[in-house]
């Protein structure tokens, strides 16, 4: 994958040039095994050497930005990550002059969940991973498996309309031709279900939830930081009891607070240790926001989230007949 | 907490369909309820005494009364618990009359519902905390925006009442629309003779400062303590020196400057004093037509001015004043009749507005008080008046009645006959609206004594024929179509909100209605108040009004301002939003959504941004509380927890005892 | 060549055949291919909708459906009255309930939204004005015209959505473009009496007489119209008007397509000039004189 | 539905703004406009104070219906509260279908303080609608049997859940 | 005692047990595998290590400690309190040795001379663990670095080892031995040796263990070095995935849920990575940053707990926290970094 190698070198050079003036630059490195990447906080030349931008590097670095308020940092961003950054800028949660964006024109990242399903053995037994141009060669539990990259790309990447960063100080890689966004087939299938089936699905799925709040804490737009109403001591919003209804209440809080703000980076779903398809809710809400307000979060600077403003005559909110 | 619950029978109003004794029994079992009783009329003197006695005897620190609507008696009971030494916010009401006994037929269901409502009230009360109003001092000065007759009246009344007044007028002179009128109905007395002395009073009153050629730029602060920035437009004349002698206007060679005072019927000089009675009587240069300012050549006015007050370099100036109350009297604009294609859209010069006609009638007008039509200066014989041009017409989005056009049309018909005895007036009208004192008689005089011919119907078309205009309309009473040849057509142009009203409304946080007129606090009981405390309305900015009503409202607004500022200190409602700085992450979303500008960003000692509520400005709507995702800003008395306690009381979460793991 | 569905309307087959003829000729010349609706039905004119809205709409909806079957979403007609009925039907069919009722009466339901526009609108909006100017071979220079639009061409405005309903200008502009002098005719949208020509000819002579009078006052050489009924009332009834009002009007009344066709150099036979009642010869003589003079 | 069931009250929660709709409900009361008794009203200062999550909380707690009413647009006592509310509530209403909670169980509308008759109509209609829908299912399974069924259905769905199939 | 049971029979055995007792077993659900209460018709899923640990058996995520019911004053009792002590027995089937052994960390905390947590003790005493030995380590496994191994029997009542056609079941305790009396178990025969060989091979596959011997001391030394902790916690997002999935984390929160006339006291898992964990009533928070909290988590598991309880590390090496961390924080790396970090800088 020579293209990627040269892109990586180009990126490293760009970061190297600015490293001194930045508190750190957030990118990715290999994680606990060759199949997993982990966020990398580059502060030195040695750190920089570990940088990877392979499709395994999935984490959204925008999640960390609010933690660096007042400091100047760099971020390596893919298209979807740049949307999170834009939304944070629009909501005045970070300052533009406090982030340097190293943009990657992105061809998509993997879904570990899809890899897991496609491998002959649990990915826990991975021994080696080799990246081909369009495939992954994985040795797992002594067996060799080749996965087509296209087949294990994350859902968000398959139908991504913004693969290239929408805001960046440095742009690396070739820009993509404009693409049409689409929702994954499973989304449409789920939406087509009846209320009873949908309810049963959430009841069952939510019984798996352990309320670890990984979905919340990994979300770049969850900026309440340590003060979420779900875990506050003095709010009556939720019981701390871990039951489907309370777990679902939390998801409703999350999605409600994300109305018109979710940039569909998919981190919540990725982070969920028990594989809850949270994007079903997010995508659906985003669709409603698009339909009613013609708004998509994080695709343009200086846009106000739709719930923070209003129009006296709402063109697309019809008063219902009684 | 120790809560007492009082169930009111309201005679048989409640007890008739609610088993009050049962409700008492059920309520006694509610958490922290230590005392529950019922009474015949809880709001009566003995009823209230009963509450007070119970508070003392049972050492209550919270009270629930289940009776009528809190919109009815909440203040009553709050005062009662206050008399007993409790904070008035340690009280909740359950509405078991309007919302239960009066609307439900089934006694069992009603009783059940009443008990639920009491439980809700108890659960909320358990989360209440005492709230204390804050006192603050006020600035004894009033800002009057607009120098029309309503503003003039308000300013004079305030000043006579001892308050300092700042009057801001957009135009070069005060006087407003009334100054342009020739005569006024129904007395046919001279408009400027009535208004002139009042204008002079404004200029001479020691407590009034007048800023003409000025506009309100921004307003911050709150009732009693507004800070207002005024933009004084450059007039290119130093008004501290100008004596109003008028030499400059005589010598000005640029004589084709548009004349807004005369409704653009004629032209004036680039440097001018708009009319002889203008207040302040100061000259100003129209920079668009001044040759010196446009091309750098001329400078005659500076040469001839005996006091050397011409200043071509003058810039706009911003002035800040502190006031305690604001009277908005920005008046109205005329409807743009060009929206009606059937009246020729401006193609025919002899179709004019009623206000233009006033200028033709006025001795100080461009024709010296002789009626001459614009096209050829001929004296018209047949004058057709068309009423409701931009009034009562949904097709141009003006469904409302402008109120006084019927009257001034009658006046103008009368004056036409006075000016040209052999003239004939025709009035196309929809209905005659003449509900004031002497008004209907006045319109009758126009018809009967002055021979104005009233045709009930709308005009469909005006078209030229020779040097006349043919006005074709329906005569609905005769059931025919009529065509009237006219020498002059006068449109009774309707009233619409002043153009700057919407923007000014935003600055003042006073809402305009869909037509741009400011909305009063209550259509009947608070006609001059707005929903922003300390801001009052006078005159046509609130809706179409004739002169006496405008003057009356000016006085009313002044009375409100005087009443407000007569108190040494004001108290603010403590049921306002409050920021928990520990939870606030400084995202400022609450600041963006607050309709009152009641939240500001402050920096704490760690240098972090935090929201802060200006308690006296906050009106207690709670928009911010919903905006804040982490619940850091809470509307006191309606906090998330208080509302959730009610929700949970109504729908108790299912206690889940089935283990799933 | 832009293809547009064409609905000639009944009068185009009879009283105003010259309008139909000249329309087709002009459109061809301007690069607009008119595709005739096959087996079209009468729009119902005035009588249908005074009796039953659903049936009336169904008549026109049938023609809209025919357009849809051609795979087109725009149908054009020269006649304002037909246009009014087509547009009314299209508008009413936006309501699902109404659509269902009307469609129940049709063999082939109308499912898509089909737009109807006048030929005048199509020419003015789809043809590059520069093309028209370039194609003028016989300019109308020296001709003084009054453009008369009639009352329903642009009304009701919310339905027709074209030009100013009280003071329309498109025909004025078109004629100016062809070199004519267009007078500010004040009675552009006045009623000519319409179909009262049949039961109450006195009404028509009065109304149309006023129209002619206003034109004479402005010293016009001819009237230009876009409506078969207007043209008929002004042209064919000019004699009746003269006898009723003791007048001597002799003002030719053209369809705008005839003058446009003339200017574009289309063969006069294709413009049906012979069908006019008031002899237009003086007009053409005047044009020839002007042309020779320059 | 048996006659007895029809008699049985369902749990309907109302959130009403103090200035318009609560007043409208009072007006209906004063005029003795008879209404079904299922509704329990929570008074808030402004529809802009209504967090959509209150409604979610009520529905998840087992409310059979939630009705929200505020001042008509442009009539808000606080100028803009109902404009914000309209956006928030519309989004909630549109969002509910994905959760499997029947969105008909939630409605929002505008009733002014003078519209007592309209309030009666709104309450009557909404209550009728909720009775047609019947009691809302509980989100948490309430019995061992329900748990078993849910878990089994879930297991049957297996790895091929609706969105990862 | 070693017995053999076929795969099908183990499912049957589990289903049989579930009719009498609560059985907690790994079950496939929505593409993942978690412990669930085994209900009729549910299949055991031994294909992978369950994402969530079996600690619910002895330390459930929700525990209603008591409920309160309000009554009218006239009835004489203002409110009634009811305690909810756990009842019944619980059998965990298919947990791994690490997960089983993890619960041993609870004992020194919940049953001391001074404090005896009745809820815990009842659950512990009523629980039986049928553990499945690991045949192959995952990349995240490090049980051998914390004194255990893939076939560790500590804490188990029965140890299952997968062999051709089924499992060899070895009774570790008397309770286990009784269960093996069930007729579904057969004589192990030669399968026992196959099992022993498998266990030995699994141990070998684990490779070299990390040496955490100086962790207790070094972590203490690192206590004030917040720069170190800040860097280590850079990528941590402060969620609770690690603690909730950890078989050894035993911290809990107690909250009172009130709703109308009924309220109850609830004990739920708490999470030391959360801001609220140490948030004091005053608003002060001694562990206000994620760096403080990560330091505490590491320190507690590898230093403070071992110091108090005879050197026992409060980590069972299951690797769940590594594998499921959304940000890829690796507990091994952090401890090693603390150990390797130069003492003087």
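A, B, C, D and E are the chain letters, set down in written order, and residue numbers restart from 1 in every chain.
To be clear about the criterion, a contact is a pair of C-beta atoms (placed from the backbone, for glycine too) under 8 Å apart; a residue touches a chain by one contact, two chains touch by 3 or more.
It should be emphasised that the depicted structure is a prediction, and the values quoted were computed from it without experimental measurement.
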item	value
Shared chain contacts [chain B and chain D, defined touch]	A, E
Joint neighbours of chain D and chain A, given as chain labels	B, E
Chain closest to the middle, measuring from C-alpha centroids that were averaged per chain	D
Chain whose average C-alpha position is farthest from chain E's own	C
D-E or A-E - the one linked by more C-beta pairs in contact	A-E
For chain B paired with chain C, centre-to-centre distance based on mean C-alpha positions, whole Å	52
Chain B and chain E, separation of their C-alpha mean positions in angstrom	68
Centroid distance [mean C-alpha coordinates] between chain C and chain A, Å	61
Gap in Å, rounded to a whole number, between the CA centres of chain D and chain C	57
Per-residue overlap in chain B, given as positions that touch at least 2 other chains	582, 593, 627, 640, 644, 648, 652-654, 656, 660
Sequence positions of chain E contacting 2 or more other chains	29-31, 36-37, 61-62, 257
Interface hub residues of chain D, defined as touching at least two other chains	57, 60, 74, 80, 84, 88, 138, 140-141, 144, 147, 151, 154, 157, 159, 161, 164
Touch relationships between chains, expressed as pairs	A-B, A-D, A-E, B-C, B-D, B-E, D-E
In the complex with chain D, residue positions of chain E that touch it	27-31, 36-37, 39-43
Chain C to chain B touching residues, read off their complex	164-167, 184, 186-187, 190, 214, 217
Contact set on chain B toward chain C in their complex	340-342, 344-345, 347, 461, 463-466
Interfacial residue positions of chain A with respect to chain B in the complex	70, 91-93, 207, 223-225, 227-229, 232, 234-237, 239, 241, 243-245, 257, 304, 307-309
Complex interface listing, chain A residues touching chain D	113, 117, 155, 184, 186-187, 189-191, 193, 195-205, 207, 237, 243-245, 248-249, 252-253, 255-256, 259-260, 275, 277, 279-281, 284-285, 288-289, 291-293, 306-307, 310-312, 314, 317, 319-320, 322
